[in-house]
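Once you scroll down, you'll see the structures, which are given as structure tokens.
Okay, so subunit A shows up in both of these, paired with subunit B first and subunit C after.
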Partner chain A sequence: MQDRLHDIVRKLLGEGTIEYFIGYGAGSEPHRVVPCFVTSDHEVERLVWGPLCLQNLSKYVLQAKDLEGKAGVLVKGCDTRAIVELLKQHQIEREEVVVIGVACQGQVDPRTLEEVLGVPMEQVQGVEDAGDQFVVTIGEDERTVAKEQVLLGKCLYCRHPSAFEYDFTLGEIVPFSIDAGESEFAMVEELERLSVEERRAFWQKQFARCIRCNACREVCYACYCKECIFDRKMPRWLDKPPLLSENEIYHLIRAVHLAGRCIDCRECERVCPMNLPLSRLYKKVQKDIAELFDYEAGIELDEVPPLVSFELDDQDPFM
Partner chain B sequence: MERKKLQKSDLSRWLDRIAQEHELIGPSEDDGVIRFQPVESSAEIAVEFANSLIPPKSLFFPAVESLFSFHKRGKDIELEATEPLDRDRVVFGIRNCDVQSLSLLDYVFGQDLEDVYYQERRARTALIALACPTPPRSSCFCTTFGIDPLSSDGSDVLLTDVGDVYLVDVVTEKGEGLVSLAEDLFPGLTDDEARQLQPRPVEMKKVDISQLREKVEALWEDEYWHKMSLPCLGCGICTYVCPTCHCFDIVDVGSTLEGERYRCWDSCMYSDFALMASGENPRPTKRERIRNRYFHKFSTFPSRYGSGYACVGCARCLIHCPGGMEITEVIKDILAKESISE
Partner chain C sequence: MAVEGSETGGNGFEPKILMFACNWCSYAGADLAGVSRLQMPANCRVIRVMCSARVRPEFVITALSKGLDGVVVLGCHPGDCHYSEGNYFTRRRGLFLKKLLEYVGIEPERFQVRWVSASEGAKFADTVAEVTRQVKALGPNRPRRNAQ
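For the complex of A and B:
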């Protein structure tokens, strides 16, 4: 697959179809795979594909608007949902970007892998996909782990492993699924069963830990506002100090703004340096949107997002 | 400097003794994140750790702190200063990179203007450093910046793990005071032990950075900053986990009648960091913001304070950057300047 990726990118760059390509590249250590911007033929070899290609690169397509020339991007199935939403939300035009889709077979959660293997990621020399397991190279040893033990949380419930909006694909579109054994909303239902006070205590403990580094916002494909409400100076809606009162508002506003747009890529949770369980918050918003409007973001290009339309029979249980 | 030893099994006894007299702070895990925070007893302290996520600079220059509160009564305004500390503190487990970062922050908060909040915290805090494990974290590169991970320079006591015991270097009077709280736990070394119990050398990749400042200064207008900044998302992680970054904002929270004045961390990676009231932003894109950050580390800071570089090689930024930006790669790129400009 990697060879095919190199071939396609080389061709696109060579023909002048794209000016640069956004893919995954090897970091300075084997366990680190980083976003990689390739502009010339000799850099193409840096591009990699494997089970540590975690980032949703669709976010970077947004900055293509500010750069000269067309961009190409590599997307997994989950990332495709961001491309679909960016098109629906008129943030990009389809002809502005060349999409290379890949049939993902699941991505490794480094934090979980460390726990399961009892080995820090820095000792991991490589992770290879082997059907229903991963083969992890640690020094001279190879260890196998079952996928369901170490996959990213979102992969356990993945319904769109392969890209579904693309110009090129890397190899065959192979189905992939894991039986997670419980509903994808189980983590929300668990919280919903708590009393209001308990739920409030749960989230306050988490929000109190937030350092407001803004990584959750910056990594979010849907955060493209020219001026974010949190950065607004006049009037100031949110004070800068990371006090609980402000952090709480920050996260709740973000959650509400993502209603009907969150595609469950869980990048916010993955990049959070403080390990805030943000996917629970966003899963709740997805659940509400699914229940109230029978809608899932980032799937159908021509389906109208519920919060930008109005129907007389819309539910209004809060009125 | 006096060298003693401490049985590993006695560490908790010593720390608990300290906790009776002072506020004890140590690396402690909370929801999977290691931070330096006040603990009730040694049981909450993580002894086996690489380094904390949030650097211990937060103990001296907190992410958010109240400076004073204000109340307006009629025409009078009352101000009440916030006391930075209730009691003397002892920090256990600080690594030498972070100790050295405090020496750099001392310039910022003490050279031209004395920051009383920072100064009081520094004066009333003792540092028990813990020499780095062997091997260290693979990303670490403190030796590149001339830091010895086994050095006691800047700390009050240094503990070095040499198997069943810690070697204990008592560096300052403050350190002597801490050791004297449980004198019987700290026997001196016999001549044999002094020869045999030696710290294991810490191997780390090292880059020659003698040309770094000169090279980075020649790069100001280079195209390099454009392409290298593309993966940056513009979050503040690198600056918040950096032990030497020290930018802050001052914010009044409350109403015009009463409230508090806070100081909180700010980040030069934020798009509005350099935004002026006129609407002008001298660092309008990531290119200018990132260039500024590296310039600050490798040129502005050393030239302003006559100090070394404002990086201690702790590797936190490269480990946690969601865009995968690696400062070690940036340094290599800068040093290979001729090949960049081609």
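For the complex of A and C:
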């Protein structure tokens, strides 16, 4: 697959179809894969593809927008939803970007892998996909781990493993599914069963740990506003002091802004230095939008987002 | 921007409730309640907005997180919006926001959306009384007030 990726990118760059390719490249350590930006032929070899390509690269398409010429980007099935949303929200034009879709077979969560293997990620030389398990190279040894054990949370409930909006694909689009055993929204329902006080205690404990580093905002594909509401001085929506109330306002306003736009890429949770369970918040947003308005972000290009539209016979049970 | 407590000497809690009223229906309804000399508790602070859809969810979140005891949004009845369709957006937003606030531990009674028309002075007074009663029963939004 990696060779095919190199061939396609080399061809596109050679033809001049794209000026710029956004893919994955090897990082500073063998287990780290970082976004990689390729502009010329001899750099193509740097591109990699494997089970450690966690990032959602759609975010970088926005930054490539101001460059001359087209950008190419590598997307997994889940990232395709971001591309669809960006098109829907008129942030990119379809002609401006060449999308290379890939049939993803699940991505490894490094944190879980460390726990399962009992080995720090620094010693992991590489992770290879092998059907329903991963082969992990540690020094001279090779160990196999079942996929269900170490997949990213989102991969367990993946409904779109393969890209569905693309110009080129890498290899065949292969179905992939894992029986996660419980519903996609189980972690939300677990909290919903608690009392209001217990939920308050849970979230206040989480929000209190937030250091407001803004990593979740920076990594979010949907946070493309030129001036973010949290950065505004006049009116100032968010005070600077690290108070619980301000942290709560930050996360709730973000959740509201993501309503009907969150595509469950869970990048916010992955980059959070404090390990806040942000997917529990955003999964709730997705659940409500799906239940109330029968809408899922990033699937259909011509579906109207629920909070910018209405039906005359919408329910209003409490009004 | 800490919100001062409004408890009166430990006996009886007087909640602070923020009320957004749309200029065309609900604010006129409040006026009617006033000129009709209807009695109602003095816990609601009314802010006039041009349309209930002017109330951004951020307003509600900020007010509640900073320790206000309740927020009420009043708008025209569906179909009666001065701007034809503003309150339909309010309706969708209200539904969604209420669920989100409940999820993070804000009692559903603390955020309410109601339709009050210009001729419904009595309904306005009733809404004020009802919301005040409910929020009073819940007690102060203290965990948040103390978080300041």
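In this section, the second predicted complex is superposed on the first by the 317 of 319 C-alpha atoms of A that agree within 3 Å, B and C clash if a C-alpha of one lies under 4 Å from a C-alpha of the other, contacts with A are read in each partner's own complex, and residues count from 1 in each chain.
In this section, contacts are C-beta pairs under 8 Å (C-beta built on N, C-alpha and C of every residue); 3 or more make two chains touch, one makes a residue touch a chain.
Source: prediction; values computed, not measured.
Residue contacts after overlaying the shared chain place A:Pro35 against subunit B, while subunit C stays out of touching range. In the superposition on chain A, contact of A:Asp231 is made with subunit B only, not with subunit C.
Applying the stated contact rule after C-alpha superposition, one finds that A:Val135 touches neither subunit B nor subunit C. In the superposed model, A:Val271 lies in contact with subunit B only, and not with subunit C. Looking at the shared chain after the overlay, A:Ala26 reaches neither subunit B nor subunit C. In the superposition on chain A, contact is made by A:Asp239 with both subunit B and subunit C. In the overlay built on the shared chain, the residue A:Arg209 is in contact with subunit B alone; subunit C does not reach it. Touch criterion met: A:Phe310 reaches subunit C, while subunit B stays clear of it. Touch criterion met: A:Ala259 reaches subunit C, while subunit B stays clear of it. Put simply, subunit A uses residues 239, 243 to touch subunit B in one complex and subunit C in the other. The touching residues of subunit A, when paired with subunit C in their complex, are 188, 191-192, 196-204, 229, 237, 239, 243-246, 248-249, 252-253, 255-256, 259, 281, 284-285, 288-289, 292-293, 306-308, 310-312, 314-319. Residues of subunit B touching subunit A in their complex: 30-33, 50, 53-54, 63-64, 137-139, 227, 230-231, 233-237, 240-241, 249, 251, 253, 262, 264-267, 270-272, 285, 318, 320, 322-326, 328-329. Residues 27-29, 32-37, 39, 55, 59-60, 63, 66, 111, 120, 122-123, 206, 209, 211-215, 217-219, 231, 233, 239-243, 267, 270-271, 273-275 of subunit A are the ones touching subunit B in the complex. On the side of subunit C, the complex with subunit A involves touching residues 1, 57-58, 61-62, 65-67, 78-79, 85, 88-89, 91-108, 112-115, 143-144, 147-148.
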